[in-house]
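Labels run A, B and C following the written order; every chain starts at residue 1.
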């Protein structure tokens, strides 16, 4: 006599016990195994693209801070590059170097949270995430010194950066760059070879190369699946062509690979910062640009390698003081396209881990 | 001192005239009450200790606002929980729902009737000591299952069934490991086991200690096996529908079981109250705190395992190793001359190392693991 | 990457955690101990210099949120603009600092303090005299290095924590 089973729908609800913001997954479960998944988002929609049409070009910069709130500098940079492309504005050398240093520091900070939250989801009771937050505090202190805020920096401007760094910034940055590899090694020792972590994340949630390319995944998710694609090397923006660094690539595309790729990227970012610190010239940090800009009629798209993937801004201008249309290509949203294929077949506990390993930020997805 | 007092008072009481009203049953009552109060205080102390140790290992302080060094924090927690409203689901089975915390808590307290705090200072010197402990600790599982069933919530029921499955699976390697200790000591009585430990059994049975520790952590649902009370597990566990004092009972059960397992490990493997210089009950407390600290340490560091990995660990890793341990212990007890304990220690440690390495090579987890 | 599966990974992790017992905690007991904030902190208030302000309203035009309201009138006797009302709705302000950068006369600064919660929403709208600088309302050095030079140095976590005890 066959057992009659029925599947039931479980709401992995908007309020998560772990991090990652307000995201809802309607999972159809058969026993413990997930057979279908439907992501529902939009709980954090604030209408940023519409608000951008009502603010001047410089006034949109504080708005872009709040997109991916864990990586503000990168958002600022992407937007400012788009406006400079649109209006044909040149940026002084020192400003370029400062931008690169800030973007790479921001990458380290964002990856620290990503790795910490992933390990927290695996169940390591807050210990790894607290250690990562301690390191991130050091970076946030540096950002605080430069821009006055710890989360929404509003630092980049059209034509450079907002202000020059104070005198104590470079020595403090030097100290940080010397200490940080030791800390990353310590975190590797803590968890990289832990058998329980390996058992829970190796082979779990595999994203194959073909699927990753088909769904336009980008960033560490794409690189962990074996595709060696990094915008800093493939289509260099700003002055990334002058630095040498490697692109870590995973082999299989499971959760462990995504974690490993992020840790290696942190090391490469430290390398870039060291080179930039050695080469930074003195001079102006901002070219002469009015507060209210009127670019000529046209459109521009600029993309950067944000910590979560390829962040792109598409701006259309009609010669007025505000953008006519501003569209944001959010990496987290496109990385989520593959979520259903990655999760089906695994258990509920794995669903949390797989979702955590993609590393999304709801501010970007919902805008 | 309380225990010396108890012994001397017992001797005094035996000199009373035999027609003393009611016989001598009431002194058992007094000392039972004393031990229960002592245990509850110790459980609260353990809650404080865990939170402080967890905090220090995470580069922060633990609770430090309530009372000096945060010592009154468990008291504050208890007060908070006492004034909460006691909500019972409408469709729940009232009697089962009400009885479940009691059935889960009382057996854990009963374990302490046979743990020796000092030579001869037990509440009841049973000569089947460790068998009694094993039997009683299984009753607590019934309480948890009653909690899951009486809550009329399908997720609680799922959580409770998982819990029962895991506890039952881990009982077996645990009991077989205990059998190894009993073979060497030659007796089931806990007092005699401690007296037989001129060399602590952790050295004579290193593999047994390792297996017992892992099994004990799994029995009491502590990290890394705490998937039933975890935050990121969605089926929120058997105690979802409990609030107020009943929830506090479940919370206390978790720490009381940790205390009980630490006490059993100390008695069986570390030599109970034996030690030079300090009074024996102080040695016992120190050893219990050290074992508990190791449990807190593993909780801080290790991530959680999944439910199928939990079962695989019990059946494919712990059980065969426990059986092999029993076999080797039996061979050694029969054939090894008693006068050479130190060589036996080295041999045992070597065997443990070889077995762990060998077994990990053979050990493949369940579906979904990619071999590199 | 070599994977050891003999429990060594777990043992290494345990070593790291136990080392932390010997390190000083990085937390600070907040109301009793406070850290020095950045010299350029964009604090939760605006400080206005009435004498330097000319009522040009550049700050108001630059503000993305539109929180600054300026009403001026013409003073024919002294031949200048008089600022009758300079009102900032700090409840709606996002403290981005664009107004401070825009002011051509250095008349607007961001505050240094960050504990500016009020009990009523109406008290968040501040005008004229409430915005002046005083001992309680200091200016922060955001975009003004000469003010930053006089403020105390920021405490950095890098310098509070030395490597080993």
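Just a few scattered comments:
Quick note on the criterion: a contact is a pair of C-beta atoms (placed from the backbone, for glycine too) under 8 Å apart; a residue touches a chain by one contact, two chains touch by 3 or more.
Keep in mind it's a predicted model, so treat the numbers as computed, not measured.
This structure's chain pair with the greatest number of C-beta contacts is A-C.
Farthest from subunit A in terms of Cα centroid separation is B.
If you average the Cα atoms of subunit A and of subunit C, the two centres end up 25 Å apart. Mean C-alpha positions place subunit A and subunit B at a centre distance of 45 Å. Centre to centre, using the average C-alpha position, subunit B and subunit C are separated by 52 Å.
Shared contact sites, meaning residues of subunit A that touch two or more other chains, fall at 127, 134, 190-191, 194, 196. Shared interface positions of subunit B, defined as residues touching 2 or more other chains, are 57-60, 300-302, 372. Contacts with at least two other chains are made by residues 1, 3, 5, 7, 10, 13, 16-17, 26 of subunit C. Those residues of subunit C that touch subunit A in the complex are listed here as 1, 3-5, 7-10, 12-13, 15-17, 26, 37-42, 58, 61-64, 94-98, 101-102, 110, 140, 142-143, 145, 148, 153-154, 156-159, 163. On subunit B, the positions that touch subunit C within their shared complex are 53, 55-61, 64, 297-298, 300-302, 356-357, 360-361, 363, 372.
Those residues of subunit A lying in contact with subunit B across their complex are 10, 12, 16-18, 32, 119-127, 130-131, 134, 190-191, 194, 196-197, 199-200, 202-204, 252, 254, 346-350, 352. Contacts from subunit B toward subunit A in the complex involve residues 54, 57-60, 223-224, 226-227, 230-235, 299-309, 365, 368-370, 372.
In the complex of the two chains, the subunit A residues touching subunit C come out as 55-56, 58-63, 127, 134, 137-138, 141-142, 144-149, 152, 154, 162-163, 166, 168, 172, 175-176, 179, 186, 189-196, 198, 260, 291-292.
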